[in-house]
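Quick heads-up: structures coming right below.
You will see chain A twice below: alongside chain B first, and alongside chain C after that.
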Partner chain A sequence: MTRTLNKPSVIMMFILPAFITFTLIVIVSIIWVFCVSFLNWNGMTDGSFAGLENYRQLFFEDSNYWEIVGNTFLYTVYELIWQVLGGLLVAIFLTRIRRGRAILQTLYYIPVVISTVAICQIFTKFFSVTPPGMINSLLGLINEDWYYLEWLSNPNMSLEVAAFAEGYKYFGLYMVIFYAALISIPQELEEAARIDGASVLTQILRIKLPYIKPVIISNLIIVLNGSMRSFDVSYLLTKGGPANTSQLLTPYMYKQAFNSLRYGYGSAVAITIVILCVLLGVVLQKIVIRDDKED
Partner chain B sequence: MCVKRLTTVLAVLLISVVMVWAGGSGETGERDTITVLLNSAGSNDETYRIWSYIFDGFSEETGIEFEYELIANKADYMNKLQLYISSGQLPDIYGCFNGPYSDAAKASGALLNIQAELEDIGVFDKMNKAVVDFLTDANDGIMYLHPQALYSEFFFYRTDIFDKYGLEPPTTWEEFLNVCQILLDNGEVPVVVGGKDNWQLTRYLSFIPWRVTHDDFIMNWIAGTDDFSSNTAAQAGVDLVKTLGTSGYFQRGFTSSDYTDAVNIFFGGTGAIFYGGSGLIPNAKAMYDEGKLGVFPVPSMQGMDNMSTDIPIHAGVGIAFNAKTYDETMRQLLEYAAEHFSEACFNAGVYSPYNDPIPEGMDQLFYDVYPLFENAQQSWVSWDDKLDAATMTSLADAEQELALGMLSEEDFISQMDRTIDTNNGR
Partner chain C sequence: MKIRKLNRGFPAIRIILAFLLLILCVYPVFYVFMSSVKTTADFQQQKPYELPSEITFANYQKIIEQGRILTYFRNSIIITLFTVIFILLLSSLAGFGLSKLEFKGNRFLRGYFNLGLMLPIQVSLIPLFYIFSKIGLLDTYPAVIIPQVAFGLAFSIQLFYSFYKFLPNDVIESGIIDGCTPMQVFRKIVVPMSQNTFLTVATMQGVFCWNEFITTYTMTKSVGMKTVTLGLNDFVGTMGLTDWGATFAMIILTILPTLILYFFTNKHMVSGIAAGSVKG
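Up next is the complex of A and B:
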């Protein structure tokens, strides 16, 4: 059996379908989008070759683009904090308690299985100002002026609220992954540390976190990539607004291609997303490899 | 043996496919299905109620089946329509917007000259002139789209709130702003708007240019022979949006409320003025019957010549018949639709584009609003239909920024003039 599974032809048989599917769906699409990014095409009539014009406009004339790139990076940082750090802290907290752990785990995980549309509807109602939603009604009890606080419609706040909503939805998923990793740490290690007089904080920082470092890195990469390509929450909750203050790169690509009917321009935005994701992935990998060598 | 069995199976399959195909086409070669694409949420909206009434009736008479494809979201619908146009796969009947979309459908040869057909049937002259105006192609003056219905738009206002502060419905925009200020000073929410939906703020931007120039400004702006920086009516529209947004006349958080939210807010009892239309008559019934609600038309711009039509009238999303698949059956369907259209509209609770008498049993507001636009000659001009998609998207962003005070009037004007030039290759 082992010998059969080691045969190159058998290995290829398992790898090839996934490789072909991935190539057709991802690689071919990227190449196609790259080609379209050089066209001036509205999707209805024949497109014309535009050379680098879409990229020139994007980088040098589109006053929104760089603001949206900034928004996307900021959004990614918020997501790393909410999902990775938040998930990790809650997982650590759950390993420290005995009573009600299962109930809390379930409660934290519920948003993951609720549809994004429903989550966004809930947040829209929570953060409503006219009529006042639950948040403002509660804040209004403390200070009357807070009754009229604007959240989703506030240009200085909408990005943060959208990031919070996405963080709320997904942090339970990473919490479960971290929790599984934390409970897999051998008891002997903790016991030895306790006998040596290590405090709880020292145990976490010196034993638990280094032990689950590969899991932390995996989650970092997943959240980083997911946030750079985030679409649904921002689109459903704020439509990227007001104006473009909570706009992210992927909904902006959609807006340019499908709302503005500028397929070439939208494809140029898409290519920049691919490049940014690859660059970030490479940088993160370099950092991880360097850290591993230092360790 | 194995090859023989395989050949037999393939032959049976082939014959089955041929038989199914032949059955679908009908024994005589005549059509037995009509495909329909509509921007509709199904039984909950009047588009579906009107057209399914027609289709069901026709189906009962002829046995023809209708295959629906319904898409509720307007943006999704536009995407799908555009895909069908570019792939040459348009259905027999489809909702289409008068402007770039109808131009593209016409260029692909899939847009029937419905005006000629309706003239031939003898019902074209019965149609409301403003509706015809709304759907007339700007390039050749022909109506290619059948109206979805007749929609009129106007301002609802709370008579109880107006009476409380001794206010009269405004007739000019100056009066409108004065009323707003008095309402605001007294702690009321002056105007409710669904600022999250592009078209809501665009209405306020285009009210004054519409009253003063009808479609001259927007068509000339598109053609490059006029612009915001030199048209005083358009500039007044910009000032209006800025003032309404930044003076606190719109409800708090207006950019996070869509049209449905705004309807719920206003008919839920918040706000004194709301721009809506005949589609909301069922929502307004309770308040109107209690004497708490009135309507007024779009105010005039003081100090400028305004056209006489002050109630925006439009035809919703036009309904196109595919010229490539138009045959005798489709012609019979069009005749049937023309004959039963008013009945279908009144049954769905909306006005008919044909000048037929309104039957008894409708809401009182339905009768009271009708005289306001009965003889209207000029239609509403939807900027979102006329402008190319890229300019409209930029305009929607910019007007939000304008209303929130993030953009000055001057910056808005220069930005939009630059945008239209760029998008039209000038």
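Up next is the complex of A and C:
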């Protein structure tokens, strides 16, 4: 049987369509971007070779760049808290409920199926100052001064609000994954612990969490990587502002290439994102694989 | 036993917590719906949390009179359908090949496809926009579908891969012994056995694609090519001039299909994810 299955023609038939599509669109375009990052080019007229000029400007002259790198890392930390920790806590909470968990799990997932564009419009309305939006109207009931709190236009808050909007949209996705993992823990494990007199907290910390550790790690990696290249919320909700206080790397790259028509410069930003994402991803996966072997 | 009783001692806290989360997740949709049936007068005079004093469908009427909604739906349906079909086709084949066929470079290929999980689609939009404009593909369906298929592959291949890895080899062997070609085995035995995974990938990618913003935004120009997601901005003006009633009505219309789809497939999805999660 192995001979029939492992013939090169069979392997090609299964793998080649995906391989060609993936290579042509994803890999070739990354290589293309790498080459363009050494050009001074606006995307229309002939470009000229600029060597490392784009990178030199980016690293040493663009005062925004490092601020945006910092924002992106901070944003990633917020997302890890909202999505991974939040999703995990809600999933654990769900398993502690006896009745109605299926319906609750379904309803908690709703923000995931709403488009980011819609979420951002809703949040724009909720956090609006003039006229006072939902949040300020409610806060105003408690304290008159809170009626005029600024959120999206507040340089100290815009990144946090954007991070919250993104966390709000996606935490349900990780909740479902954690929940699916938690309910697949063998009953005997739980019962044994219960008979031994382990408290609920001990059961969770000593038995459940270690059991679903692979899921926790894979979610950590997905969220970490997803947040490093987060785009929609920052682009749509806060538009990176005020100033660059909620600007992230990917929207910055996009604006450089498409709005400022600096294709070469935008490509240089893009390459730094690719390197960051791939490095993070590969390093994390290496750690996980080594960890697995130790177990 | 004593501890068990103790833990069950606080149902009130659990119920309150469950409700708070419920409000957080469901209220925005409720709010959007309520706002979409408010009169303009209510909208301007009431506090945001107040319920409408009378119900009107004027906002929905406005959208229908504007007349673009059908075009947006048609475009979204075509783009989502083709994207999902191509992703399912390519990633199920590749997922099966990578998990069940032994060949040199299998490990390398898995890592290679994994790269797709780490790379942002926006990076590829820079060259793809240029290339598509040179070959006259801008503002067409393929320009929107192709990048999404390519970037959806990594995630979907992984889901199929982790499901097929735990598919017993005997199943495939018996098919081969019965004289089926490998493709027949895949079509007639493997695909029916992995319906849940197909459904999971289709639902997730379908919802992603329906809600997709930046690829469509970059690759399309004309109104006739816009999708429902882009159409949401039709009633958004500059600074404060947004027609919120119409925008909210539009939001309700565009999230209905995803909500309905999700409610129907939700059960299969959880088991589909569970099948791949702990083991994979």
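Going forward, the second predicted complex is superposed on the first by the 276 of 295 C-alpha atoms of A that agree within 3 Å, B and C clash if a C-alpha of one lies under 4 Å from a C-alpha of the other, contacts with A are read in each partner's own complex, and residues count from 1 in each chain.
The definition used in the following text is that contacts are C-beta pairs under 8 Å (C-beta built on N, C-alpha and C of every residue); 3 or more make two chains touch, one makes a residue touch a chain.
It should be emphasised that the depicted structure is a prediction, and the values quoted were computed from it without experimental measurement.
Once the two complexes are laid over each other on the shared chain, residue contacts for A:G43 go to chain B and to chain C alike. Within the superposed three-chain model, A:A181 lies in touch with chain C and out of touch with chain B [touch as defined at top].
Of the two partner chains placed by the overlay, only chain C lies in contact with A:I212; chain B stays clear of it. In the superposition on chain A, A:P242 makes contact with chain B only, while chain C stays out of contact range.
Touched residues of chain A, counted separately for chain B and chain C, are more numerous for C.
By the touch criterion stated above, A:M134 is placed in contact with chain C alone, chain B being left untouched. Looking at the shared chain after the overlay, A:S260 reaches chain B, while chain C stays out of its contact range.
For the contact definition in use here, the residues of chain A common to its chain B contact set and its chain C contact set are 43, 130, 258.
Contacts from chain C toward chain A in the complex involve residues 3-4, 7, 14, 17-18, 21-22, 24-26, 28-29, 31-32, 47-49, 86, 89-91, 93-94, 96-98, 100-103, 109, 112-120, 122-130, 146-147, 149-151, 153-154, 157, 172-173, 176-177, 182-183, 186, 207, 210-211, 213-214, 218, 229-230, 232-233, 236, 240, 244, 247, 251, 254-255, 258-259, 262-263, 266-267, 269-271, 273-274, 277-278, 280. Within the complex formed with chain A, the residues of chain B that make contact are 75, 79, 82-83, 85-86, 100-101, 104, 107, 189, 195-196, 251-257, 265, 268, 270, 388-390, 392-394, 397-398, 400-401, 404, 406. The part of chain A that touches chain B in the complex is made up of residues 42-45, 64, 124, 127-131, 148, 150-153, 155, 158, 238-239, 241-244, 255-256, 258-262. Across the complex, chain C is touched by residues 1-2, 4-6, 8, 10-11, 13-15, 17-19, 21-22, 24-30, 32-33, 36, 43, 90, 93, 96-97, 100, 102, 104-119, 121-122, 125-126, 130, 132-134, 137-138, 168, 172, 176-177, 179-181, 183-184, 194, 197, 199-200, 211-212, 214-215, 218, 222, 225, 229, 231-232, 235-236, 250-251, 253-254, 257-258, 263, 266-267, 270, 273-274, 277-278, 280-281, 285 of chain A.
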